[in-house]
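Scroll down for the structure; my scribbles are underneath it.
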């Protein structure tokens, strides 16, 4: 990953800040001939859009994406696809106090230290708004994947909010789209609503854990060492703002297992290898096994809160700050479509890398 | 990260397999004039070397590193530094059974599926041997950091083995080098020895959790979005074989926190900002704060175990496998110096990137 | 260079086609704090703008550049700078015939063969319009260079049109801006005007040779092997559409010299080494010497001509084509500001690379 | 191109200096299953090897290449291929004088200025010895091309020595291997021998022009803007030491043509498009047409000559230097196999890039 680009062959460069006129993504390396339209992309953006329910920021952004290049007569040409989203509701007056005071947990202070000059009206590139560009780019990746690997699906969902985890016994794929938390556990959705209402009333916020499952990923994507599929997935998720940890399959819990427990035993099925379990999260030695690819990550609680916190000013004075404005009490909610988009980009990128190196041929078993 | 290269400006390309004649690293982009010798690097390699105690593989490898280029009269010239390590003790006869049977939890099956041709005598690039090259390269990075940022230290240590965590109240930096587990908790070291002896007797293995703390990292390294310091650290750790999860600072536990708890409040000290806590792990918005940079990762249990596991052969037959040979019952132990090396490479790389873009100047506070 | 990105640390990604709604450049890695405005960039764009005299295409494009991100209160923030230019005068009806017939000398046929789908209304990414984005990006590079290396100048000029070369004895830097050909030879400008008028009347076109001289480039930029300053300059110039050859210093003529003639002898001046000649074009072993950096390139004649040429259709039929429309009889003219822009990007990029690796320190002579 | 790496997917990193113990190349991204052996590579190295006739340096180097990784049982595994060549005949005593005096035309002075520390015993990375590693890597690329595109050939040959050009009417492909100059013109070979003998006697040297023709390159390789096939070929050739100019097809002479002359008219043949001429050198809009790809470059005369030249010392004193030692009177001769190797790497790289993005499918004509 370069400063603002991710991907090897399917390369996405995002640009734009929270309080500038627009933001967007330049998508390079898309296969030609892929059917994709603004409407196709808008579907995904609408899922991430703020202000859809009382649990996300009330900033009103239509987040309408325009395709400015790289698509002709409804299909990609193989040249760069420019995706632009206007910033409609900047309302920077809300942010007056933050020009001088560094908000704890925000990048205000590190931006200042590094660059010595920053757009003090908001979070700049570290604002959640940047992720709209990712979602748009992810929509292109999804369109390409739909053409290249029919049946591949990528689904994100929330598995924990604050200390409250879902009950995996109640896991229902169909439930995910029905509640504002993108959670597969209907009961959890109900409980979390109450929790979040209380936190919001207190001017507080809370963290969350998101899981993304990619089903139908063909075996053989990735590479053994640095170009591992899991390395790139980890980097992709960690690159989302507020993410503090990333797991593949068993994740951090793998530390607690024995080798006997952790081994995913293999049998032979009609269409190839079949695994008795998926502790590996669908990746062995950096390369996909054909099982579900499972990645999980933690989002820290929104740092913008109404509870006063001690901080300093640019001139070194000590003070307190209360971050007013319109903030998500749980930014994790809107991280769900963002994570799906990142996963789509990574998987497509590795699909292209793989067919570049191997031509997509596979060693035969059986 | 490319297939076998990591880093932007300080770029390390490793090569070599477990059962070939040699392995190594090509280190490109090292600053010139850095004092570094084979002896300097050997210090770090000796920490990772197998066979040092009964808890690591009995494969006997001197792991003697040779510098073949890029260093002249004891100092780097700014050209590529080739680091080569001979594979002395390949003893591939030990591995006879694995030519045909895919070992569960290993990359044997995914290598085969992807490449259709593989060195079946061992783990290839996914062997822990590949990490020797990283440690050598990390030694170069440490030498450069010592010259550029005197006082910066990078220390790895084990914080959990199987389900047993250290007691942070007993944390002692000086203890780390005294026990075979690189753990700062002397009591844990004693307990783990017993646990590991029992597991080894059972032909089993166990996972572990490692933490790396970098002290003295200057504020301002990293970038807001994809070129984040934490993105690259996460990728670096996830690229180590057997790693399944990576955390920065509070990590996955951040999901359970509220915004009030998570905020690292800021005060003004004599030399700049002082933080009341370090939930962030020393990184805000992808950029270092000047606090300790803390990264943690989980290593899965060694997949090579003596307990029979069900698997398939290359021709699709179902069978069982017992992986004989000389294996680490807890590969996490030897991951400690590897993780330090990776952290050193990432931090140096970001130091060079930062002075490339900003000239190393800093926005002033106070 | 990636598909649509050039540069290592100062990275420019251009997007957009000749007949889409807009085109632009995403500039990543700009140092922070650089004073730059839309007006600053417009100065350079206006030099490249079509329709300024009778020797360039009559397509009417204001080529007004907008800065959509990365600049705040008149100075760069260190984040991506998005530069967008609307395509005002697309008038695609002019191009009707070319949807089915492949124009000789154009990329129509190779686009089709590679991508199987293309915007047949114009030259797509291979149109000279793409270079407007480069000029805008080059303007940012110039602004950064002005801040980092005061006194550095980059000047492009035409040294040959068709078979007619300038007379170096008449070389006058001040003349360059006074004639429509950006040539330093006033007499040549007069002669070429007549030549070009005749060619235009005939529906023909002609090639040209451009030279770019960068004065004040500090010694020490570049690297010995692949990251050579001359490698990147050659790639940068060759990446401009219609360029068929690139030379550094003596260039192709170096083949004809003896070692005695070619040696640039060195003496010691008050401020360091002084060279008796500059056959090397300011670069030795890939690294700048501090002399003028001199790069030269040839632009082929515009392929869009009114003289009928034999060609084939998409369905394989043989036919003839006359390319109507508004074309430059000598595209080389407008290549001058483009080449300057590319040179500025490469030099800035190497300046950042150098200070990344070496900190900008220099070995001392004397 | 990074500092010491070239290629996008097929990535070659070379390392080593003229007077260190060894040099080599790390080849990453090779397709798996490619038949390649040390003997296969040695064939190409032997063509470049010094001391084969009286026109190349008398340094005695066996240049025996060893494959240390990435090849198993005679076929590539898809992992990095390490190619190492020992430096047998370093004889650095020859070079005593050059530790303090900067040789005109050499990189001594720029190395010193940039790095402040250098291996003063020889040319370091800028020595022609570095190119041995390229030839070895090119051998791998050729092996892969042989498997992927049977019938593709890459042939380099000398077309000019000093002011003496070959007569194209006498061009004979079979003659190329028969004379020490790799020239297709038997008469030129005879004339050049006399010229070179005279120059050598005078302690002088001479430049040369080399052409490489790749036949059988499929249409569709490359990309329109920065990832152009010609951009990468130009960069590859310019990265060879002593190269001062690069041309594609008509090259610098394109400046002198009119559009009518330059158009390569197209007809329809039984297997697709057939071109009446090849001014384009087989590349249109950065993408291969299926015609011969023709690249040409100039090599400056060897800078190490016995004629005294004025120069300065590291302490700034003015002096004269005579470069004794064993040098090629015309380095262009040995550049021929190097250029072939670079061309092979670039073409393979673009083949992999193309099948990554497009899957190798082609738009149909007819």
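The letters A, B, C and D name the chains in turn, as written, and every chain counts its residues from 1.
Just so it is clear, a contact is a pair of C-beta atoms (placed from the backbone, for glycine too) under 8 Å apart; a residue touches a chain by one contact, two chains touch by 3 or more.
Note that the structure is predicted; figures quoted are calculated from it, not measured.
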Steps needed, at fewest, to go from chain A to chain D via touching chains: 1
Label of the chain whose CA centroid is most distant from the centroid of chain C: B
Chain B and chain C, separation of their C-alpha mean positions in angstrom: 45
Geometric centre distance via CA averages, chain D-chain B, whole Å: 38
Distance between chain centroids, defined by C-alpha means - chain A, chain B (Å): 26
Of all residues in chain C, the ones touching two or more other chains: 2-5, 14, 29, 32, 78-79, 114-117, 124-125, 224, 353, 357-358
Residue numbers on chain B that touch chain A, as the complex places them: 1-6, 8, 14, 102, 104-107, 109-118, 123-126, 130, 160-163, 199, 204-209, 219-228, 230-232, 234-235, 238-239, 241, 244-268, 273, 276, 279-281, 283-290, 298-305, 307, 309-312, 314-318, 332, 353-354, 357-358, 361-366
Chain C-touching residues of chain A, taken from the complex the two chains share: 2-5, 11, 13-17, 20-24, 26, 28-29, 32-33, 66, 68-70, 72, 75-82, 84, 114-119, 124-125
Touching residues (chain side chain D, partner chain A) in the complex: 9, 29-32, 78-79, 224, 352-353, 355-360
